[in-house]
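Across the two complexes that follow, chain A remains constant while its partner is chain B and subsequently chain C.
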Partner chain A sequence: MIHALRVLRAAALLELRYLAVNRFMLFCVFVQPFFVAITTMFMLRRGTVFDPTYVVIGATLTGMWSLLLFNSNWAIGGERWQGTLELTVGAPTPVIVVIAGKLIGTTLLSFVSMVVCYAVGAWLFGYSITIADPVTFVPSLLFMLVGLWATAMLIAPLGILWRWVGQILNVFEYPIYMLAGFLFPILMLPTWSNPASWILPPFWGATAVHLSSSGGADVGALLGIWIVLLLSSAAAVLLARPFFGLILRRAIADGTLALT
Partner chain B sequence: MNAIALENAGRVYRVTTGFVRRHAKEIQAVDGLSFEVARGELFGMLGPNGAGKTTTIKMLTTLLRPTSGRVVVAGFDVARNADRIRPLIGFAFGGERGLYYRLNGRDNLRYFAELYRLEPSRINPRVEELLDLVSLRDRADERVEGYSRGMKQRLHLARMLLHDPNILFLDEPTIGLDPVGARELRETIRELHRRGKTILLTTHYMFEADELCDRIVVIGKGRLLASGTPRELKALVRDLTVVEIEVFGATPALIDQVRALDFVDSVAVEQRELRQLLRVQTPIADEALPRLLASLGGLAVGRASVREATLEDAYVRLVGKTE
Partner chain C sequence: MVAMYSYRGTFQWLTPSAYIATKVFFPVLQMAFFSLIGGFGGSQPFSYYVLGNAMLVGYRPMYPIATGIGNERRLGTLPYLIAAPMNRASSFFGRAVVHALDGLTSIALAFVIAVVLFGLDRSHANVLGLAAAMCVATYGAAAMGLALGPAAYVLLDASFLANLALFALILLSGANVPLTELPGPLLAISAVLPMTRSISAARAFAAGASWDAAASPLVADLALGLAWGLAGFVILAVIERVAISRGTLEGV
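Right, the complex of A and B next:
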């Protein structure tokens, strides 16, 4: 167990060092949420009910999701591309632990989006960005990070197992923005699309942080959301496990661990 | 007990060709290969490109599943007990890939030390010890992307040794290295052998195998062509002499004609820009040269010489028979 934690830490630090110089991923963290926040502020601020904190949190979530989506889809392929996948598979540590660590690093970096979006709301537009319920906001935020990480864990093996899935996943940025209710509640979507939202950990994560930051929910309701969020996250990771096993079995059978 | 054993091991790759109409094709990379490596032995595997050396190493290192036969490492079957084998072996493949270029050499080793489950208190001393062994301590804080090919190769060697495995697999470790770098690496391999490690090494360089290995197997087209000590393999060509003749514009038909001569054992052709170097193995020593020159007809001939056969000639003879 301690060993697994050490590998998670080592892989997370390794990933952070790589992401820190990856311009595309930095664009996802810094530039994209900046523009999403500005655009959404302009669109919504003349409305009758406008909550700048909701926009800041929503734009933050878009940046976090974009980074996690793209980087999880590339998590295994990137190792293969640089020739380290064989060495990772050949080591005694399970590959799923290494990828989990890499995605923890990604999740931590994605959190920087919040600073960018806060700056847009508070300094550029001059709004007071306040958290209605700081006591529940902290666990909501923490559990939301777990939900995003777990979803990334499920995405990581899919694009490797089926190349077409990997290609489709690259355009799953905006559908998840909408289905998870990052920038507006899913009540605005047709009801037939709601079940798709309910199975997504990011939806429950977004609901929890929005409720905690904007207020209006009792602790009992939040507790229920946290439980569903953690259960759906656990389900995503449990679902990912056999996919990781399948990747390795298939790659070792087909001889596709290396590019050459 | 042997450290490594292959029993009739085979590996078939299935590949598809075509864009609209896809056709499946099977390529037999390794075909019924059998050999054993004793504990503490430095064992060489020789063969031309495409002979199946890398495929064999990948099967032995649990990264590729054999499609037939049995491959056993440290007493465990690679198909069934890969998890038991991985902590006991180390491997390094030739080439520059397989390192985290944005990290420095020391951090690369620290990262892999975590993957190999080294005790936290052991990681730093072990990393420094290995940096000394491969003479990289002075450059250990530089990013790997700035390393020369030889430095990357030495870093691979250090990575392979982190968990102090007893069985080592080296796939063409000196490929692309300058002569000094290659000599230093060979010295490190010799030192590991002295420390009792079992080493399976593939190489293209005959002198390297001759200098380092206790025993050698030669493989071609996935099959075992010969095995024995370097001395035993050299004995295969003990009675032969090599005549080297530089010619200009020899056609494949003419080379086949030379090959068919009753005093010719084998012919290897090396293309050198406009010239070709014919290496003819023959049992009749000096008498062969005038007869060979006569058989070349009016072809323009450059330098010609006669010499004793070497291990490389034994290899050429073995491999030449499969082509």
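Right, the complex of A and C next:
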């Protein structure tokens, strides 16, 4: 257990260093949520339902999800391109632990989006960004991070197993923005799409942070949302495990760990 | 030849799934996302956002054209391109042609979806005018890509620049935010974007405006697109001369 935690920590720190010099990923964390926040502020601020805190949180979630989506889809493929996949697989630590650590690092960096979006709302537009219920907001935020991380864990092995899935996954930015209700409620979507929202941890995460920031739900209701969020997150990680096993079996059987 | 090989070679859509994901799904989903935000709480009617974002799908050729020069360098083919005994202008502008034509299919599909799924009203539309606006918007985006490509050669990251340009278009072209809402400095940037007037012309044509009433913005965007394209050509010529004299054509 201690060994696994050390690996998680080392992988997370190494990933943070890697991401700190990756221009595309930095774009996802800094520039994209900045533009999404400004555009949405301009679009909604003359409307009747405008809440700047809602926009700041929604835009933050878009930046977090984009970073996690792209980096999880590249988490294993990147090792292969750098020639380190064989070493990772050959090490006594399971690959899933290493990838979990990398995605913890990614999740931590994605949190920077919140600072960027807060700056847009509070400083650029001069709105008062207030959290109605800070006591429930903090756990909501933490559980939402867990939910995003768990979803990224499920995505990580898929693109390497089926290349076409990896290509399709890269356009899953906007579908999750919409299905998870980051910047508008899923009531805007057709009802047949609602079950897809309900199985997504990001949907429950977004619901929890939006409700606790606006004070729109009591602790009892939020408790129910947190439980569903954590259960769906656990299900995503459990679902990911056999895919990681499949990667190893296929790579060993086909001899396709390295590209050369 | 340049147009076809540039399209097939330097932009790496080697599988149908990648093509469909990048060319069809992504722009249409982006259109849906921003339209629904507007529909949720925007101050304009829902059709305002649907039409603006459908027009914005015309940005699609900008990205592959902008990354083209960088790809030539990364793949090691830039020196051959520079040394080839061919007309430099046809080589430069030619690489945009198929991407631009391909972009027209994306914007056309976006409008089909806007009508079928989002109920965009076309009963009063001047269809020919609307089609012209779609063509000019796509041309403007392609021209912007031609300028961004050589600029990215200096700044070393075409992808970053193209994404930045895309978000500038989303914010400043009038697709999502009425131009009257923008403060002065942002309005000035909006004025030099080569899709701003096409989008406002498309709104007029969709409402049934005649050619005479709404064609002049399209002419302005045509001229602006030409300026963007020529700027790219000049930047590339300067870069080429400097890079050859310093021996840095392939490197940084």
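We take it that the second predicted complex is superposed on the first by the 260 of 260 C-alpha atoms of A that agree within 3 Å, B and C clash if a C-alpha of one lies under 4 Å from a C-alpha of the other, contacts with A are read in each partner's own complex, and residues count from 1 in each chain.
Operating definition for what follows: a residue touches a chain if its C-beta (ideal position, glycine included) is under 8 Å from a C-beta of that chain, and two chains touch if they have at least 3 such contacts.
Please read these numbers as outputs of a predicted model, since none were measured by experiment.
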Touching partner for A:252 - first (chain B), second (chain C), both, neither
first
Report for A:115: first if it touches chain B alone, second if chain C alone, otherwise both or neither.
neither
State whether A:221 touches chain B only (first), chain C only (second), both chains, or neither.
neither
Identify the partner contact of A:17: answer first if only chain B is touched, second if only chain C is, both if each is, neither if none is.
first
Which partner does A:199 reach: the first (chain B), the second (chain C), both, or neither?
neither
Quick one: classify A:174 as touching chain B (first), chain C (second), both or neither.
second
Who does A:87 touch here: chain B (first), chain C (second), both, or neither?
first
With both complexes overlaid on chain A, does A:234 touch chain B (first), chain C (second), both or neither?
neither
Which partner reaches more residues of chain A, chain B or chain C?
C
Residue ranges of chain A in contact with chain C within the complex:
23-24, 27, 31-32, 35-36, 38-40, 42-44, 46-50, 163-164, 167-168, 170-171, 173-175, 177-178, 183-185, 188-189
Touching residues (chain side chain A, partner chain B) in the complex:
3, 6-7, 10-11, 14, 17-18, 21, 82-84, 86-93, 98, 252-255, 257-258
Could you pull out which chain B residues touch chain A in their complex?
11, 13-14, 55, 58, 61-65, 82-83, 86-87, 91, 93, 95, 97-103, 110-112, 114-117, 120, 159
Sites on chain C touched by chain A in the complex
15, 17-18, 21-22, 25-26, 29-30, 32-34, 36-43, 49, 157, 159-160, 163-164, 167-168, 170-171, 176-177, 181-182
